[in-house]
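Look at the two complexes coming up: subunit A is in both, with subunit B in one and subunit C in the other.
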Partner chain A sequence: MRYADFTWYDLVLLAQGLGVSLGLFAVTSLFGLALGTVWAVIRYYGVPALTPVIAFVAELLKNSPVLVQLFLVFFGFPAFFKLNVTPVEAAIVTLTGNTAAFIYVVAVAAIDSIGRDQIEAARVSGLTRWQVLRRIIAPQAAAFAIGPLIGLMVNQLQVTSLISVIGVMDLTKIGAILNLRTLKPFIVWTAVGLLYYLAAKLIAGLGWRLERRLSAHSAWRGL
Partner chain B sequence: MLFDPSILVPHLGFLGAGALLTVEACALALLGSLAVGAGIAMARTSASAALRKAAAAYVDIFRNVPFIVQLFFFYYGLPEIGLYIDAFTTGVIALSIAGGAFASDVIRSGILAIDTGVIDAAQVSGLSRRVIFTKIVLPIALRTSVRPLGSVLINLILTSSILSTITLNELTGSAKIVAADTFRPFEVYAVLLVIYAALTYAVSIAINLLHRRQNRHLGGEVA
Partner chain C sequence: MIKVEGVGKKFDGVTVLDGVDLTIEPGEVVSILGASGSGKSTLIRCINGLEKLDEGRITVDGFDVAKPKELAEARKRSGTVFQLFNLYPHMTALQNVTLAPIEVLKRPRAEAETEGRALLASVGLGDRADAYPAQLSGGQRQRVGICRALAMKPRYLLLDEVTSALDPEMTAEVLNILAKLAKQGTTMLFVTHEIAFARGISDRIVFLDKGKLAVDLPTERFFAEDGGLANPRVAQFLSKMRKD
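And now, the complex of A and B:
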């Protein structure tokens, strides 16, 4: 006996799915931001051996489907390295790596956008390498990178929908379950799509506010 | 266990058939995306405010809802309204609709970059609005946006892997079957990752050549 009608509990399920999607998005974005920035800093200092490896890995991750990356981590790693990988762990590892590859590109461009003369002037003034990175490069690079980063984040939120394929109970998976139970695809997928849309708008709006704050120093203040 | 890609050799024919299906789907979806994109771009640059708003809403929706949700909407939804089409056709339609939203942005900026003198000259020569759009505006806009349209195509190739979730055995779908047959998912997906990266790399080289050929009269202005 299949209960085919919508119930109020379905809303709780959808909210739960949205929470899982947004939670994993937030965690993997933060990890990805950290990892991608570290890669870019390694490139900036020109660490031998590491730099070309990072460039190659980033290129590979950017130019292959996230779905295949997920399958490699979720099905491939356990078989090859004899590990236990849960769907959530596989999702976190894959999305972190994928986000990092795209952030690496943005971060490299952001660091390159800062004139060498500024860095030389700072070094001559007696700032240490760390102080140059922290006080000169980081604030300007952040203001430069925030625009592309917002677009990237909105995109990465949509990429999280793919983790439903390996069984993570995210918003898309909840949609698939409701779809199979109620057999009302138009209503279910419209509701799921709307939730993703609103989440994307929320992220874009937050990003826009952050962008205004980071670029406040160069904003037009009037005469 | 050693990394041994040679276990794939007996399955190369099967994977090749899958790759062919991916290429077919992407080629059709590229044509569909260009058609949809040109139409939407025309609406977004039209003189009518209602048309502009409707086209902007289309782009906004299909760019901010994950592709897998759109795909499930069509795959499970279309039979509901009495349209029984196979997974391949559904996939190509969904790819064209989503790709069209991205292509329209590119074509739109190509249109906006056209020197207005060209359009004035065409109007003075007495050409109809339809002829001006199809014979003058669109060719110029498409030619200057070869490279960004190339990234839309590369995205289509990566996104087409998602068609494996609606039972279509394209490259990723075939690889899933091979992984289940051989019990060697790591080798299968690692090789698949490299195949996709090589495929998109080859496409990007071809796009660069096409771009240079199409814009050779500009003499390096659009390098």
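And now, the complex of A and C:
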């Protein structure tokens, strides 16, 4: 016999799935943001050996499907290097790398958008390169990047659904389980889709508030 | 003392500065005149270390700008005001002025802000301290630029065509402030196209011609028929500027 009806416990399952999706999204976004930004800063300093390596890795990550990267990390590397990799570990590594590659692109553009004239003014008044990066480039680059970053984050949330195929119990995986049990795909996938939608809206909303704060100095431009 | 000795600079094989010798003593106001492309701005950019020298040597109070460690000391002694202001757009006028004193001289914020406000007030911007550069007029921006340079209490002020991007009214605003600074004994190296003004405030006038220092004379001698005007390039330049 089989429980084909929905139960209240299904809501708990969906909430758990959403929690896993958001948790992995948050962790990989933070790691990806840190990694991608560090890569961009290394490029800004023009570190001789590292810069081309970073550019190459970012190109690889941007130009191959996330699902293929996921399979490589979960099935390929463990088989080749004789490693033990859990689904969650594979998900974190893959999504972090992929997010970092796209954040790198945004961060590079943001740093390049700062006029050389300001940097020269700061340098002649005695600021070190690090102080220029921290006080002149970073605040303006953040204001420049926040718009594209919000779009990227919303997209990366949707991309997390791919990790369900390697067995991570995220929202999509829970949806698949509920669907198999109840055989009511319209209701299940509508509910799952709605939860992703609400989560994405929440991220976009938080991002928008941050954007307004970061670009306070140009707020009057709307006049 | 700023000492420029045999300085040469090329951009992509084109000679911009060629064997330039120049000394600026404390308390002097020296104007650099010359046609566009004669190397005036490049000379300023060499003195504050924004361009690397191909030949020669520049020292500011004995600190060699070609050596990274000494450049930091040299830069503490000189302040630069730019043609296009180069303000930090994400900072208010006051923050533009206090950034370097706080970060470089490690001054306490409150102290730096009090001094910054006083500086801004001295150029008539007391009520605009909290405005962002985009909310200020060109003349106001350049006045902030001057305050930003002065906030570091430099011994030498390097001014690179600071009124070229301003209309006549705003030019007058800025020149009035520079005249006041000159009277107070601020040492200034002044790249400009404002001949009349240069004549009014300078102790010495230097004329650059195709990267070479052609004339270096006390101001009254520079404008004398048997002085600077005896040089045909100077005569040509001055008559052209008068027509414009």
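Note that in this section the second predicted complex is superposed on the first by the 220 of 223 C-alpha atoms of A that agree within 3 Å, B and C clash if a C-alpha of one lies under 4 Å from a C-alpha of the other, contacts with A are read in each partner's own complex, and residues count from 1 in each chain.
Following the convention adopted for this analysis, a contact is a pair of C-beta atoms (placed from the backbone, for glycine too) under 8 Å apart; a residue touches a chain by one contact, two chains touch by 3 or more.
Source: prediction; values computed, not measured.
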{"item": "Touching partner for A:Leu149 - first (subunit B), second (subunit C), both, neither", "value": "neither"}
{"item": "Partner chain in contact with A:Ile163 - subunit B first, subunit C second, else both or neither", "value": "neither"}
{"item": "Contacts of A:Gln131 with subunit B and subunit C, given as first, second, both or neither", "value": "second"}
{"item": "Which superposed partner A:Ala91 touches (first subunit B, second subunit C, both, neither)", "value": "neither"}
{"item": "First, second, both or neither for A:Leu33, with subunit B first and subunit C second", "value": "neither"}
{"item": "Subunit C versus subunit B, contacts on subunit A by residue", "value": "B"}
{"item": "First (subunit B), second (subunit C), both or neither touched by A:Leu24", "value": "neither"}
{"item": "First (subunit B), second (subunit C), both or neither touched by A:Ala100", "value": "neither"}
{"item": "Touched partner set for A:His217, first subunit B, second subunit C, both or neither", "value": "second"}
{"item": "Footprint overlap on subunit A, where subunit B in one structure and subunit C in the other make contact", "value": "none"}
{"item": "Subunit A contact footprint on subunit C (complex, rising order)", "value": "48-50, 72, 75-76, 78-80, 82, 84, 86-91, 99-100, 103-104, 132, 134-135, 148-149, 152"}
{"item": "Touching residues on subunit B, where the partner in the complex is subunit A", "value": "1, 3, 61, 64-70, 72-73, 76-77, 80, 154, 158-159, 161-162, 164-165, 172, 175-176, 179, 183-190, 192-194, 196-197, 200-201"}
{"item": "List of subunit A residues in touch with subunit C within their complex", "value": "115, 117-118, 120-127, 131, 135-136, 139-140, 143, 217-218, 220-221"}
{"item": "In the complex, subunit A residues that touch subunit B", "value": "59-60, 63-69, 71-72, 75-77, 79-80, 154, 157-162, 164-165, 172, 175-176, 179, 184-186, 189-190, 192-193, 196-197, 200-201"}
